[in-house]
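What follows is a pair of complexes built around chain A, which joins chain B in one and chain C in the other.
And then the complex of A and B:
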């Protein structure tokens, strides 16, 4: 055990002695989480919508719209001011309502609203919500106007009855759910999701760079000299693997701790998350050992490392959340360990899952680790025991 | 280390190793006693490194056995490895670690506790003359310093058999001398040493017994005196020439009294009975072949002459 720890600890010492490695392990991941997180996750405010117009109909519509929480409403005095705000992108959308809208509706006449859409997707996303708010508030006035044509009663009396009728109606409550049980209000590109993706990507990538250290050990002749000591090949292989696992584990725990403290990322059940990280780091260590045992030089390994690390990361949901993948791509993603780890983290952090809930994912990841480690050990034995 | 001089410490019997069509080691047998320095002398590619790789347990022999300190040495077992200190021909150290860290790393692999290894590391650093530079990364060391550390690692666990594979290749004269002195000291302290080299002078200076190896076979073995006696009173004449060296060498074959001739890159090596008396005839033949003669070196029978006699090749070919 002492020998395994020695091999692993000197691996870590050599890794952290390299300043470039320190940057990629300590600074780079946080930088990415911060940059991507601030792009997507910090944008919690509802889009701004401007409304020009006065009267009870406008007041009620604006109140209804604000109650949805889908938009933040800014009242303006004129259509010209409204246009300026939309054109300057201060708001995503503007609604101009004629001042006599209430009277026109109650008189049974139609009302024409003008909607100014700003550039970008934001305006089209919020347009439907805005229009539904105005249409809903128009109903009572519209019905009042229609009833006036059928009876001799006063307009105010009819209006009061209609409003009381509308208010007394049983509300329709709509529960939004997503298949799979996720909370639909969770932003798929929220900071938690970004942090999970970056954690898996960087843990795998940085453990994989350990392949170069293994190749160097072989090139320096140190690996072969290790075989000449009273240390079995099995212990040497385990020690080299433990070194790579240590790098991956350090990276993962570091990202987990710092993003929790600095960005308030929630990782859910911490003991289960640590177990998940340990198994995922073992997968990364196995991949690093395999690359280190198969490749002949640093350049080859560096190319493979970047290609495999980024490729598996992208395919496994580390760059774009799996929720946004098409069905086919979601299925294909399952060939990567990242996708399984990603899914397990989502279970822990978004659905309050426990260790038991992620056992299937842990099992698959463990299988990945065993296969990769076994292949690497076989190849390394072969490399070290031939002239 | 308690050593009884003369005790059989290492024994290799009937070693064979082939790589494809190449018979790298062909029926090699040798033994080394405690306190003895055994030299394996041969040109590059003769099979020295393959032989010691088998002796150190790095390679599995196709046939034959190796016993060190009473233990069978095999790649699949770590038994007996603690008795062996290997100094490989190529540097085997981490350049991004200091000398002290390199020694600590290998001390752990040799199973030494921190308490035992700390004083031993200080001792080894002193022996290899790197105490003052122990905290420097080895990437900043000179070639000679790296070589000394390479040897220090092999000495770390006080092995009973030290295997040195051409430890002075590419080393400056000062470091080379320091290395040779260290080997003499260790041997004097009772350590068995297996020393491979293609430098005749090193073998003559250090080794109690020498095995001459060529094409995977040990073709002669004995003390320096025994080996040189085997070729009688023949003298070795080395003549630096420019021009067609191979052609010049071929002209000398068959000359009266000349027993062997070999061509090097820029010299012809001749083995002749009563060489000084034959010198004028040899020079005449070379001049006749159009060779420009530089220096002439005439030596009493030595290991190089033995090698030339046995193989028809110069040691540095």
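And then the complex of A and C:
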């Protein structure tokens, strides 16, 4: 046992001697959580939309749009100014409304709004909400214009009747509630989801970097000398694995503790979360051992580490929440340990789950760990002694 | 000069023989761009899958029209609509069947809509707490239908007061949309991811040149090079050239692969080449600084990885960043930002010269980083 511990602790020591590794383990994860969190989790960060045009119709529509909280609106004076803003990507979308828009609608004529879309998906995502605000505010004018086509009555008379009717009726209200009864406007989703994703990504990635150290040990002949000592091959393999596991576990607990303190991230039931981390770190350690056993030089291992670490992370919901995945991709995501761990964390932090609730995910992760570790142990037994 | 060529050729041959260059320089960014495209490619309007259910507890004419209208959206642009029984419990069905949102039409909805005065008609929207984005889409849909109801309701009442007969089918809005893309439609998600990964990984690829100076020192070959009757600058020049050539080679391969595999349309190739060349130059300069400071090649690799990943994140390789605020200012200091923005402009441009500004910005970064890099690397050239 002491031998296992000393192999493991030397692996940890080696990792922390490298100052750059310190950055990656201690500083970098917090930096990403902060940067991504401030990009996506900030409520004030609704997409910027600009509107050109004057008059009561535009004022009302803009007010309605701002009330939805889906966009933050900037008023500009001219359509040319609007075009510049969109072209320079200062706003994702611009709407140019003719100054006589409401009168034109009241007169029964259609009116054309120019929607200037910025490049990329951001503009089309917000377009629907923006246009619905204008449509909603155009209802009275629309109805006046339509009635005008049916009768000879004067436009002003019709307008008056419509205005009176609008004032008399109570508009349809939409009651939003969250299933389970919470208030939809204080949705905690955001920084929590980002922190879970980054924790899994960085834990896996940093444990995986341990693969290079394993290859170096072999290249320098350290492994063969270890085998030459009265230490069984099994103990060496276990010790090397424990070292990788320790790195992963340290990283995970560090991110959990610091994000909880600095950003107020809630991790739910702490003992259950720690068990989950331990199993996930074991999966990462297994993967690191396997890469270290299979690859021949540490530059190749570095390439594989980045590809596997980031690729599995992206696929497993570390960069985009799994809830936004399409049905097919959500199924594909289940080939990654990240997706299972992610699901378990969401259960713990958002739904107040306990250890019992995440047993299925823990089971799958444990299976990942066992398979990877056994493969790695089998390969390592062959390669550790190879010159 | 011939010394530069000889060293460059030898290093290039060595690098291309080793699998690391292909693995880290080409395969990894390719795989990541592909995965990211798969994951993030279907978030646009009409692509996000939204699963909505409708409960009509009313059964009136108004509510049936509304229900039928919502149900009619089934299959359109990623929407899936299910009509549930009138007595279904929204919380329970969301829990059991995982709907993103359930629209509830309460039993007095029709009466309240048609009644004169009285309390406001209400529509319920029960959202799945795990799916705020999809629920937002559902809300937007409900708002659209509410506007239609308001229009029909107002029309019926006003017509009634004016003594007019109106058709039961409400008129559509008189608002028409003219959709334009003043700055072009930009790159699609797949192309953007490919460009983002290409510029991120070129920072790893160029290591295979400048950082080998540290390896040469360790293995003693640097001393032998110094003993040879060649100018010292030839050695640094050759290492820089290797970095540059490998970087351009890898990035161009990725850009071409992007057109072939993902159907990316980058615009004029002359512009693409100008952007690639200047981005690679900045990468060589920045990575050379690290190689000039680091003590060992392992330390250099790790520090370079920090810089590569950090700059890529700030500069928009992973997700688009806006040019505003503090984050925008930081973004503008990265070559990634200029490379990606240059490509966004180029794809809709008629002439390649639109990349002038981004190329100039990257040239500035390359010079600012390149001068200290050259000095530092030269200091390395000691036996």
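Here is the rule we use: the second predicted complex is superposed on the first by the 238 of 387 C-alpha atoms of A that agree within 3 Å, B and C clash if a C-alpha of one lies under 4 Å from a C-alpha of the other, contacts with A are read in each partner's own complex, and residues count from 1 in each chain.
We take it that a residue touches a chain if its C-beta (ideal position, glycine included) is under 8 Å from a C-beta of that chain, and two chains touch if they have at least 3 such contacts.
All of these numbers come straight from a predicted model, not from anything done at the bench.
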item	value
First, second, both or neither for A:350, with chain B first and chain C second	second
First, second, both or neither for A:2, with chain B first and chain C second	first
Chain B versus chain C as contact partner of A:232, first or second or both or neither	first
Most chain A residues touched (candidates chain B, chain C)	C
Partner chain(s) touched by A:220 [first = chain B, second = chain C, both, neither]	first
Chain B versus chain C as contact partner of A:18, first or second or both or neither	both
Common interface residues of chain A - those touching chain B in one complex and chain C in the other	18
Of chain A, residues touching chain C in the complex	18-21, 23-24, 28, 31-32, 35-36, 38-39, 70, 83, 86-90, 104-105, 108-122, 124-125, 127-129, 131-132, 134-136, 138-143, 145-147, 150-151, 153, 158, 161-162, 164-166, 168-182, 184, 187, 189, 297, 299-300, 302-304, 306-307, 310-311, 314-315, 319-320, 323-327, 329, 332, 346, 350
Parts of chain C lying in touch with chain A, wherever the complex brings them together	18-20, 23-24, 27-28, 31-32, 35-36, 38-40, 42-46, 48-49, 90-91, 94-95, 102, 113, 116-137, 139-140, 142-144, 146-147, 149-151, 153-155, 157-159, 161-162, 164, 166, 171, 173-187, 189, 192, 204, 298-299, 301-303, 305-306, 309-310, 313-314, 318-324, 327, 344, 348
Residues on chain B engaged by chain A in the complex (per definition of touch)	19, 50, 53, 56-60, 75, 78, 81-82, 84, 86, 88, 90-97, 101, 105-106, 108-111, 153
Footprint of chain B on chain A - complex, ascending	2-3, 6-7, 10, 13-14, 17-18, 217, 220-222, 224-232, 385-387
